[in-house]
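One chain, chain A, appears in both complexes that follow, with chain B as partner in the first and chain C in the second.
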Partner chain A sequence: MQKVNAVQNNTGQSASVLQRIKRVPPVAYMLIVIIAAFSFMDPHYLSFSNFRNVLIQATPLMIVAFGQTCIVLTQGTDLSLGAQVSFVTVFTVFLAQRGIILEVAMLISIVCTMLIGALNGLIVAKGNIPPFIATYGMQNIVNSISLLLTAGSSIFYSSFTYRVVTETTILFIPLMVWVAAAVFIVVWIVLRKTKFGTNIYGLGGNREALVLAGISPVKCLIKTYAFAGMIAGIAGVITLCRVESGQPIVATGWEFQAVAATLLGGTSLREGKGGVTGTIFGVLLIRIIKNGLNVIGVQSIFQNAIIGSIVLAAIIIDAVVRIRSKE
Partner chain B sequence: MRKKTLVSILLTAAMACSLLAGCSSPTKETSDSGTKNEKSSDDSATTAGTREAATIVGADKLPVTGIGAQIASDVKAKKDYKIGYIAKNTTNPYMVAQAEGVKKAGEDMGFNAVTQAPSTADSVEEQVKIMEDMIQQEMDVIIVHCADSNGIMPGVRKAQEAGIIVLTIGTPASEDTFLRTGVDYKETGTTIATEMAEALNGKGNIIILEGPPGAANAIERLEGINEAFEKYPDIKVVASQTANFKRTEGMSVTENLLQKYTDVQGIIGMNDESALGAIQALKAAGMTDVLVAGFDGSTDATSAVETGDMFATYNTDPYGSGYIACAYAVNYLNDGTEPEGKFIPFPTAANDPLITAGTVQDYKDNIAWWKVIQ
Partner chain C sequence: MGKTILTARHITKLFPGMKALDNVDFDLREGEVHILVGENGAGKSTLAKVILGAYKAEEGEVTFDNQIVKFNGTKEALAKGIVAVYQEFTLVPHISVAQNIFLNREYRTKLGLIDHKRMEKEARELMKSLNCEYIDVKSHVKNLSVAEQQMVEIAKALSFKPRIMVFDEPTATLSEREVDSLFAQIHRLKKEGIGIIYVSHRMQEFPLIGDRITILRDGVKINTVGIDECTNEELVNMMVGRDVSQVYVRTENKHSDIALRTENLCDHRGKVRNVNLEVRRGEIVGIAGLVGAGRTETAELLYGIQPIKSGEVYVNEKKVSPKSPKHATELGIGLVSEDRKRQGLALDESVALNTVAVSLKQIFPKFFISNKKITEIALDYKKQLRIATTSVNKACKYLSGGNQQKVVLAKWLSFNPDILIFDEPTRGIDVAAKMEIYGLMDKLASEGKAIIMISSELPEVIGMSDRIYIMHEGTIVDEVTRGSEEFNSESIGARMMLGSGGAENAES
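The block that comes next holds the complex of A and B.
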């Protein structure tokens, strides 16, 4: 049990103010520089309505990335998360078209992604298979199911609920952004204040210590993947409200963007260090660059190259800072 | 041990499935019909809103003259308007040519043209994001080639609420916007089928290579073809199967069908790619007197018409569609001139869009839309 506590201390329960400032991921500073640069280039950029716009656009990926962060902390990646998001949009509409109340259908879909996640965890843990491969297989299976349910097309179910989620505003911010905030708080509490969270850090940081403390890594992995699946399910519901239809390929590639955002946010693939706070900055960085390039009117062909360069720069700066701080 | 075996079986199954999924994912496409998510949901059973039927406007009443690379207009912007265009992707020559049409209109008419496309090809979700960003830019007009009729609606609604005029090209939004242009898919089918039926003197067996299941443009095109053939009692469609808009599938499906149907006079592919596949299959089978028709007037199809391998194709003119959309938008911004309807197809039969042995030289030298991106 002592060793588990050691793991917990490693992730930082008590830290001085100075240490806390130091722990702000470099990506946050980068974010400030980029926002300043875009505001300088276009007066439309720095407005409250565009700020809200960026938050709305970042929300679905943000939620997926919170789940992905938990997986990355266990030294894994879940490549099926994007497929799960698409699946939720499709399956919810599929059920609603067959007479199930939309809100109930949403809940059923979230339960489904939890089960998909649990299955992922089972395969990874029991089969001792690299998460990359196991979840890649799952990604294809889930994608196929979505395509089968829709015959390759998109499917439609009309409801006012979508607009309640995307257009109701509380303190000028749409409900969907508050949902992301709620998910953040839950994940933060789980990671920092619960035994389950400690175990997630343990899986990535010191698996032997977990076993010695009598905790089953298998159960813990299954729980982690199921947790990430549930979060992806919530992201799926939000996405459904955004596109108002079941889209079998809507979230293709989000799993990679979520990994990138997680790493940008300072979570490490090797040590079981980091957390969801950094992930917020990672997602915002990606989304803010994209939005800024659109607003200043950069052609889409150049956008990917620019985003790639900035992301690489952020990671290199991050690495350099870390090496320096170790010295 | 048992559990391990179970897991390994599960994994093998997973891998097998992923292989299958890999095979069925579409490869490169080179036409407006060639994209996997044109499978929009606008067959009436699943569509949200209702849309106005096509209004055919005579060639002399259009705000433009000519078609394809020759298109021109005397419309001039009275102010420095901002017009945004959103394509479905940056990889399909058809989409690239459409964006070029908008840019050319910007030069000719004197407005500020911004063209964007999702970085994930055919992502309607990203199209909505681009629309939201364009609202922030305070665009006057947004022109979009929708990746999905229903999925684009949240973006369309937001833009309209912000007072921005929305036009669609090709795949429409599920509710009427200010204007839809681009070809009327049904009319393209009728025109090609009629041309073929006439060439066959109203008599013969036909094979149709359909588009992907659920693709709205292919469904409408097929309706047009069948409607045209109804007028010719001696024309018989012996087989109608999907070739998924792809050359390889057009070839294999035709090969298979030729085993069963040896007496075939005509093959219509739902786009140029599948028709070109059919030509390859016919060549391999040594059949030279079968008429093959496709749609879009792509580079390869033009060559095939030139060499006599292809009978006819339809110039769906993405370049001109982008251009005319801008002309209507600028006219409206200038003095509030409303278009004659909510859906004005361009090109139509009135613009001589057919490319056959007689017209191919002129098309290739002067008109072809793909010239603008070479």
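The block that comes next holds the complex of A and C.
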């Protein structure tokens, strides 16, 4: 999986076709195999409407995973991202119920998740605390706030805006999917074409190098977590439009799915290696397996075990490849 | 020799509880390589850091181009063209070479995005000026070899248009060929009039690149001499402050039974091919060879780290097959590994715990251990080996390289194996500690241990060994005995490179 990242980094005029093929993340091949397997098992599987559904269902997780990828590149994980998504659905409705225009409430919520992210970054960077623990604490705090605001159940506010986001289509694709595409492009540009992105790779790869170049790792980390928070906020707004209510536990567990998708996409937890392109395939893989298992009628209790096994297998293959390439 | 660019006068730098530099004078001319030499803790890196602006001296002044400068941090020194090429690589692995060179100074397009094309163009020019066009400035640093990464470091330093470059132990991680190309670069930089401060303690390098040498000891400047004005011996004397005409101590002792012998030893990776060697009790046997000749790999087979493909190993003439390091220690084989930081020590653990790491089971055959006893044992070795640490409960990572290596030795002494393999035992440690380690090896040999010494430093192999095997591309190509005509660095060096010579082992 060494060449995974090269997909994004080299504009490579000199790259031959073969080299380009080699740079495709292995997870993409896995995706093709699995789609082939499912369509073999069920002839109705391979339909445009089914894929459109998968894409729509995958969208909020996809957006969260783009943010998570940035965090993983810094050798961290943000376990509060799922809680942040749920929080946005709740807090937006909560504000709207109190007379704030829905769209404004959405923006306020996104600003809140940015701040939550910044706080995460501050704790991780200043306190030198493992991100896993710091953000786990944050996850619980944010969850509690969401539950407090809703008294534990769903809260509602009706608006046409939801349908605009979920039902407007451009080229047969709903607006929300285009939003995800826009987030992808922004993250891609940030990682590849901005100083901030270069610094994210530096945070994961060699912090000493940043310090010596006069860059503050603390500021960079805060920015990165805030950036991921903002992206989670956008995912929260999309989720709200889909569920049309404030639901305090709607996105529970997404942070882990996002980590899994990121790792499946070839981003490494160790050394600032990878990028956001692989993450698309990672998310699609998870969602397509889930959808395919539904289509061929596998009971949902087995589905999780199957997905878990595939995630483990992918990571073990990656580890084996890494160890082999070292020898 | 050009005009003087930089002078440091009466520099005194205090660290809590010690004077790191005491009234030190130093000057640097254009186009000269000025070597800073001294033992660990002598203050050479501290002086370099004062010049680089990383440290602020309590007293003294630095003049640059005849003007007094006071740097607040490395950035201001950088602005004047004083740059460092660091020993540990300061590159980000998964961004491009060009991005690394221009880290935090990225060119940007009108949109504020990174201008990769322009950075790559300039990076390419820098690489060209270093004769390194073969390094693709678009590829990730991770994909480069160590030497190539160092070239990127130099290119990065050059991109600041430096007047002064500071190299801190640049050859520590390089193979010989890579060292040659580094020196070629340094010569080129000299010709361009750049003043170079070269911090090192590898004396064999000095005549190859140096112009003047400044010797520091315990924070005090001992002398500044021209490269031709003093012998190695005088240099070492100045560094350690006492007579060291006897760097290598070997006492004559009787070599008795064969303790370890191999027959046609091969590994699975083709790095060790038909190796036949033997070591007797009381003998120190050197293995000389270039990096990659299969020396370490041979040790790894004997110590059970790598599986043996074919061939036999005999310990005390009994056929054995070391399956794991644990098994090897049970056979009485110990290995002082090449990489003490990663393989030799648990760096985060205490000196005491490291001392008993291998012998724990011997000391405490029953279930429970006694920390008191461990401390006693560790204190004993601390005294015996003169390990400089305030407490045996200190984590090993806080010790200097030489003292860390002594802890590794303490670990093996407390286990007391019959056969000890030393792989690069003096790498990265200062002369005084080196001498102590040589003394210890000699003592172990006279006690009847069988010792194998692998080293890239020919003088020490020749100085310490009774016999030397010369390895080349995985096989032993020759064997020379102390006292024979070929027992000198010219002849051994030539055979290391060419692999010619005694052919009896080389048939494969």
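By definition in this document, the second predicted complex is superposed on the first by the 296 of 327 C-alpha atoms of A that agree within 3 Å, B and C clash if a C-alpha of one lies under 4 Å from a C-alpha of the other, contacts with A are read in each partner's own complex, and residues count from 1 in each chain.
Simple rule for what comes next: contacts are C-beta pairs under 8 Å (C-beta built on N, C-alpha and C of every residue); 3 or more make two chains touch, one makes a residue touch a chain.
These numbers come from a predicted model, not from an experiment.
Put chain B and chain C next to each other and count what each touches on chain A; the higher total goes to B.
In the superposed pair of complexes, A:Gly272 makes contact with chain C only, with no contact to chain B.
In the superposed model, A:Ile173 makes contact with neither chain B nor chain C. Shared-chain residue A:Phe156: touches chain B; no touch with chain C. In the superposition on chain A, contact of A:Ile189 is made with chain C only, not with chain B. Contact with chain C, but none with chain B, is seen for A:Asn206 once the two complexes are overlaid on the shared chain.
Once the two complexes are overlaid on the shared chain, A:Asn53 sits against chain B while remaining clear of chain C.
After overlaying the two complexes on the shared chain, residue contacts for A:Gln247 are found with chain B alone; chain C is out of touch. In the superposition on chain A, A:Gln303 makes contact with chain B only, while chain C stays out of contact range.
Put simply, chain A uses no single residue to touch chain B in one complex and chain C in the other. Partner chain C is touched in their complex by these residues of chain A: 5-6, 9-12, 189, 192-195, 198, 201-202, 204-206, 208-210, 212-215, 271-274, 327. Within the complex, the chain C residues that touch chain A are 74-75, 86, 88-96, 99-100, 103-106, 112-114, 116, 138-140, 142, 269. Contact residues on chain B toward chain A in their complex (touch as defined above): 3-4, 7-8, 10-11, 14-15, 17-18, 20-22, 36-37, 39-41, 46-48, 90, 114-120, 122-125, 128-130, 132-138, 148-151, 153-154, 174, 212-215.
Interface residues of chain A facing chain B in the complex, by the touch rule stated above, are 44-45, 47, 49-50, 53, 56-57, 122-123, 126-127, 129, 134, 136-141, 143-144, 150-156, 158, 162, 166, 239, 242-245, 247, 249-253, 290-291, 294-295, 297, 299-301, 303-304.
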